[in-house]
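Report on one structure; see the data block that follows.
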Amino acid sequence: MTEKSVRERAQTLAEALPYLHKYHGGSVTVKYGGSVMLDAELQAVMLRDLVLLSYVGISAILVHGGGPEISEMMRRLGREPQVVEGLRVTDAETMRIAQMVLVGRINQDIVSAINQQGGRAVGLSGKDAGLLVASKKEGPVDLGLVGEVEEVRPEILRTLVAAGYIPVVAPIAVGRKGETFNVNADHAAGRVAASVKAAKLIVLSDVPGILRDRRDESTLVSALTAAQAQALLDEGVIEQGMIPKVQGCLDAVRLGVERCHLIDGRVPHAILIELLTDAGIGTMITA
Amino acid sequence: MTEKSVRERAQTLAEALPYLHKYHGGSVTVKYGGSVMLDAELQAVMLRDLVLLSYVGISAILVHGGGPEISEMMRRLGREPQVVEGLRVTDAETMRIAQMVLVGRINQDIVSAINQQGGRAVGLSGKDAGLLVASKKEGPVDLGLVGEVEEVRPEILRTLVAAGYIPVVAPIAVGRKGETFNVNADHAAGRVAASVKAAKLIVLSDVPGILRDRRDESTLVSALTAAQAQALLDEGVIEQGMIPKVQGCLDAVRLGVERCHLIDGRVPHAILIELLTDAGIGTMITA
Amino acid sequence: MTEKSVRERAQTLAEALPYLHKYHGGSVTVKYGGSVMLDAELQAVMLRDLVLLSYVGISAILVHGGGPEISEMMRRLGREPQVVEGLRVTDAETMRIAQMVLVGRINQDIVSAINQQGGRAVGLSGKDAGLLVASKKEGPVDLGLVGEVEEVRPEILRTLVAAGYIPVVAPIAVGRKGETFNVNADHAAGRVAASVKAAKLIVLSDVPGILRDRRDESTLVSALTAAQAQALLDEGVIEQGMIPKVQGCLDAVRLGVERCHLIDGRVPHAILIELLTDAGIGTMITA
Amino acid sequence: MTEKSVRERAQTLAEALPYLHKYHGGSVTVKYGGSVMLDAELQAVMLRDLVLLSYVGISAILVHGGGPEISEMMRRLGREPQVVEGLRVTDAETMRIAQMVLVGRINQDIVSAINQQGGRAVGLSGKDAGLLVASKKEGPVDLGLVGEVEEVRPEILRTLVAAGYIPVVAPIAVGRKGETFNVNADHAAGRVAASVKAAKLIVLSDVPGILRDRRDESTLVSALTAAQAQALLDEGVIEQGMIPKVQGCLDAVRLGVERCHLIDGRVPHAILIELLTDAGIGTMITA
Amino acid sequence: MTEKSVRERAQTLAEALPYLHKYHGGSVTVKYGGSVMLDAELQAVMLRDLVLLSYVGISAILVHGGGPEISEMMRRLGREPQVVEGLRVTDAETMRIAQMVLVGRINQDIVSAINQQGGRAVGLSGKDAGLLVASKKEGPVDLGLVGEVEEVRPEILRTLVAAGYIPVVAPIAVGRKGETFNVNADHAAGRVAASVKAAKLIVLSDVPGILRDRRDESTLVSALTAAQAQALLDEGVIEQGMIPKVQGCLDAVRLGVERCHLIDGRVPHAILIELLTDAGIGTMITA
Amino acid sequence: MTEKSVRERAQTLAEALPYLHKYHGGSVTVKYGGSVMLDAELQAVMLRDLVLLSYVGISAILVHGGGPEISEMMRRLGREPQVVEGLRVTDAETMRIAQMVLVGRINQDIVSAINQQGGRAVGLSGKDAGLLVASKKEGPVDLGLVGEVEEVRPEILRTLVAAGYIPVVAPIAVGRKGETFNVNADHAAGRVAASVKAAKLIVLSDVPGILRDRRDESTLVSALTAAQAQALLDEGVIEQGMIPKVQGCLDAVRLGVERCHLIDGRVPHAILIELLTDAGIGTMITA
């Protein structure tokens, strides 16, 4: 180790300790999905970091999505996925397939990957212990069993976190009458974060954060108030897949989460950098 | 209420109270599957009884199977199920389908049904928190990813039970290197019961218990030692689907569970009768 | 066991479990005396039921009376009992005799009988730990040391119940200046029930409950509000020995006990039927 | 206060504090009866001292006797007391009378007197919670229901002491089959002291202690080992009423009580002097 | 022991027990210094009494002064002490010397003396754990580093007392910017007493208390309200070294300490007499 | 932040987390003195790091020395320091001066400096709570009050650490008879580390560690067993001031401390580097 390297590492550590203190005993909710999930190595590094954080008293709750795999399974079973304004039209059979893929495949794969990294993960759907309660999403088009999260019952999350487990949540919810609903994972993550009074909600995606100009990464906005974020949504600056992510953050902020971060999941150790250094990355949304 | 009826009911209650005392704070492991699972009303009554028992301090852990649904899904996905000596030959794709159906469909349906009865169930596979660790089942024929449970890590069960949840376990296990294994649900139930030092293992099936003559219900054996049960297995008196059930019980007894019961799941409230009256039903296997 | 019998017993148990849950950790105060106390077998069954209930977390506090024995002892000691409007005229010597019989004989007999049934009873008078504080009962006739309970200090009851004991209380009270008072056992029971926030006060007598026509059991009133019961008292429908029992219940209801029951102590297991089945027996008085 | 007086009082306090420390959280068992009990003022001072000791964390358990009152009541009920070698011949009716007087009169009077001094006493007989278990005392003459304590079940004493109550125990015991036995109060006190691991057993009587010559108080023996005390018993130096008192002490010492004291109950504050000053009074028996 | 002596000692003990009860679990703050500190035997008796009190659950916190030793050390180091209106002019070097003597010598000597008496003392200055926070004392003359206590942070006192230690506090305080200040020990004691909600503040000096006429001990004022004490200060009746002692008491009373005592430290066991007898000594100041 | 820098910092953090986990709830004992103590900035950085470590659950106990200041104060007071084989000849007056300087000056300065960094330090000498018990060091020359630590009573350290304080210990000890002894700070640190079962003993000095050739830093020995270290002592390779440091480490290792480190206190953040990176610095001595 060169002297300069020693000094830099020492500096990094001294900078990290107050953050470790601040977040000790707290939790972060991490939303994660899409293309980030497809790079096995990147995923392994990220999950390893969550396990390490749990070692030092910072617990994580993971919420995942899973669009492409559901569509693929539908096609294998002879059904054509139908999407209206980014939302999947969900009849009863589609719901069964979506649940089967989300809960029985993707969720279990993440659980296994965390456990392979030395953690102790437990998979949950919104049905387990009635975690996510939803009602049918109303709108101009009938989307079937697409729901909106109305209530989170976080006791099971608290029980698991207190016992040292990392909960991994699939975006399936239960209705007041026992129905099954498909809910947006970004929205679910925002509600989950608020329900456990997470120190932070971190939404990983495959862009650097909110860009004023989508095609120019130098236009990254590093910090926004909720009002400013809402304005960017209203102005249409925030587009496509980033819309529900920002909405999830706005929900979380409105319900009391102090800081939400949209960060680039492709950067190795992005979560450690975000949590433990003075240098934030991506876009932070605060009240 | 007639006077006779009052007297009988009072008698039933007076008889039940010592059992309620004895099992208070204890747990029973219930194996449940096959045709019993197909009668929605019977299932509702049974799950309601488990919820009621949890109210009075007797916690239940449910282990389920699920053969027919897996085969059906395999066929829908264009694969022909292959069974050798009652065990499913399981290649990687079959394993993925089995996990998807067991964890993503059947397990979630039971969780929902319990919650509809006022309970608070949480679904688990053997991958969650590394609950069930298996190794490849050796034998004359290579069955692929069929495993044998080697170790149960019951911490997650204890955590959930202590917090008042009813765990529902799907018979999927994890290998030492992170592989996924298909395990027999009866065997898994025996090991689970032993791992939590269950007061009883109750295996529900669609026969009255062990019959000396399968075609004659009057030949029901009401109690057996483990040695006697082993002898009946060796003599071939116990056949077919009853074999793994009895083996699961023998495993449980060997590992310290005092009483295992093979009872007829078609009798409404069979578990209450078994637990809370002097009149046992079905076949009891003890050390 | 016939199939019908199995079904009925299962039904009884399923019905009882929610009540067991509801009353778990709670207590019932039972007033008991007179002719019920004279039938040794009936008494044994009743006390056994209280012991069984204590096993499942429902604690009982027993308050007893004892008129006939006191009069008998007075006569043996050469004094003629004198009763005015159902109340014993109590001079100092009568008080000493009453205390000696109630505390030194009847109370100890009940304690022994409970312990013989496997319970752990502790006898108390209102002097022990200053449990019952009374003042002289005022009225047209000077009744001497007849008192009215003014205050209950339930700490000793809570201490004993928390440690798993069944307190048995004799109706003797202490005055502000250390005097001894004779108090009505029905009234004392009502105050005791209220002081420990009993789930129920159960008054056992040798009639089926409140009858509109004393000579016709078919005129049993199964439920009354406190106001309705007061009206029946005012109208003279409730007579004689039933008067203090109803007054004790009214006191208890006024001080917060939700349900008071006047039931027939001659029915075996009457308390179990009352507590654990949908079918109430006798008369219930509620706010 | 004169200067000398200040100095002496300060000296007394400084001397007492280490004893208060030593006995804090411990208990003393006090046997008390006979003529000491008859002087109301002496009794009040003594009970007040026990209450004061309980304030500073030294708990007392009182065991009382009661011969003369029993005989008096027997005579009033037309029966002639019969005593053989200092032991009362006890038939069933005598037993009932003895219990009635001990539990229903004497015990309650002491309880009241303590409560009048600001304490919180609870009366117990050996039947309560099965505290004293006895078997029939065998011997050349059949004494009827005279028993010997075989077992003490001190849980109820511990429960009461832990909650700040002063238990007052009457010398009535229960047999294995539920019989009632009359037991010697001195013996009972020795067993009770041992059962709660009392710091001291203090036996109050109306003599200064063990005298080598009964008629000469200057022959007081201030300390004895158990062996020496046994020798004095064997030699006949210890006579009459002192015999069971010394035997009770020997029992207690044999069962682990470190110090037993026979002191003069007629000296005001005798217990405080014994416990809290360097100057012991009376006779101490140690292992 | 004569009979009279026994009676008197018993009386003293009976009188002391309620005080021991009252102050059990509480604490007294003792200010101590000047000439009392110079008599080794008197000091040993006093410290021994504090140790004994700690044994019976009355904890002490000691605050000491130390003027003469500081002046002596200054002179040895070639500096002339300078005092203005009873306050030491304190430049940086004087401060260093004062701290060295107070913390490194006097405080350690008291700690050792207590430990020699069987106690467990821990020395503290106001710098330790930021116990005493002061600001520069303003006034007509610039006294340099003389401070006034602004805030007490009693956590370290509570931690030590809860663990059974006797804290010994030197009158050195820390400024908001880390400066060191010299503070008056009497004032510091008043603030310390208030910060721990002491049952009493006891200020030991070498006079009998407040005298209306300094030269006549018969003019001792045995009790004063704070208002009366303030009046005596205003009238100049209280003079010289007694002024800060009375001010410290007034501070303590104003901040909630119920009783402050100015007593004669030359009387052996003065603190025991004050705390544990009906006879107060010295002057008591109350709200 | 450049991408490379982000990656390096992330790497440093990921490497540190397992160490933070490992040492969480543990303690390190740090010996510190001599020239390192003279550089105010270096000292501030080091103390700040200890405060930060305490935030994340790694508690520190500091032991300091202080030779030069004692000698200086002796000279100011007109005494010539006398040193024999590196040990100060200590008569009574020298002892008083040494204690005054160590406890009243150096210790308080370190306490203040830690508190200025946001920590909560409490200064202790070996007299406080009888922490360090020593006996006179025997040898060919009579060194007066130079002692050897015989026993450490770590309760006060545990109390303070459990309450979140950082104890700072001056190398003064108490004799069995209350004498004061001067003890070597390196030895004291070794004993203190062992008494609290420290995870590590870290001895800071102004050389890089043990050098095979004192004049050539490239001959640094990075790891040694205790036996190897002893051999280097015996061979005279370890010289002068390094001798007691190595002996302190050997003591600590012999008494159960797993790892002792001799590191260069002049490297900023040396302790963080040592504790939280894979790259050890200096010399490690293990069993």
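Lettered A, B, C, D, E and F in written order, each chain numbered from 1.
What we mean here is this: a contact is a pair of C-beta atoms (placed from the backbone, for glycine too) under 8 Å apart; a residue touches a chain by one contact, two chains touch by 3 or more.
Computed from a prediction, not measured in an experiment: that's the story for all the values here.
Engineer: I need the common contact partners of subunit A and subunit B, sorted by label.
Structural biologist: Looking at subunit B and subunit A together, no chain touches each of them.
Engineer: Starting at subunit B, figure out the least number of steps needed to reach subunit F through touching chains.
Structural biologist: 2
Engineer: Specify, for the interface formed by the sequence copies subunit C and subunit D, whether it is same or different in terms of residue numbers shared by both sides, with half as the dividing line.
Structural biologist: Both copies touch with mostly the same residues.
Engineer: Counting in whole Å, what is the centre-to-centre distance of subunit B and subunit D, each centre being its mean C-alpha position?
Structural biologist: It comes to 61 Å between the two C-alpha centres.
Engineer: Measuring from the mean C-alpha position of subunit D to the mean C-alpha position of subunit E, what distance in angstrom results?
Structural biologist: The computed centroid separation for subunit D versus subunit E comes out at 47 Å.
Engineer: Can you pull out the residues of subunit B that are in contact with at least two other chains?
Structural biologist: Touching at least two other chains: none.
Engineer: Could you draw the chains as nodes, link the ones that touch, and say if you get a line, ring, star, complete or other?
Structural biologist: Graph shape, chains as nodes and touching pairs as edges: a ring.
Engineer: Which residues of subunit B touch subunit C in the complex?
Structural biologist: 1, 6-14, 16-18, 20-21, 24, 48-49, 52-53, 55-57, 267-269, 272-273, 276-277, 279, 281
Engineer: Residue numbers of subunit F touching subunit E in their complex, please.
Structural biologist: Listed in rising order, the residues are 76-77, 96, 99-105, 108, 111-112, 115-116, 120-125, 127-130, 155-156, 159-160, 163, 165, 172, 174, 178, 180.
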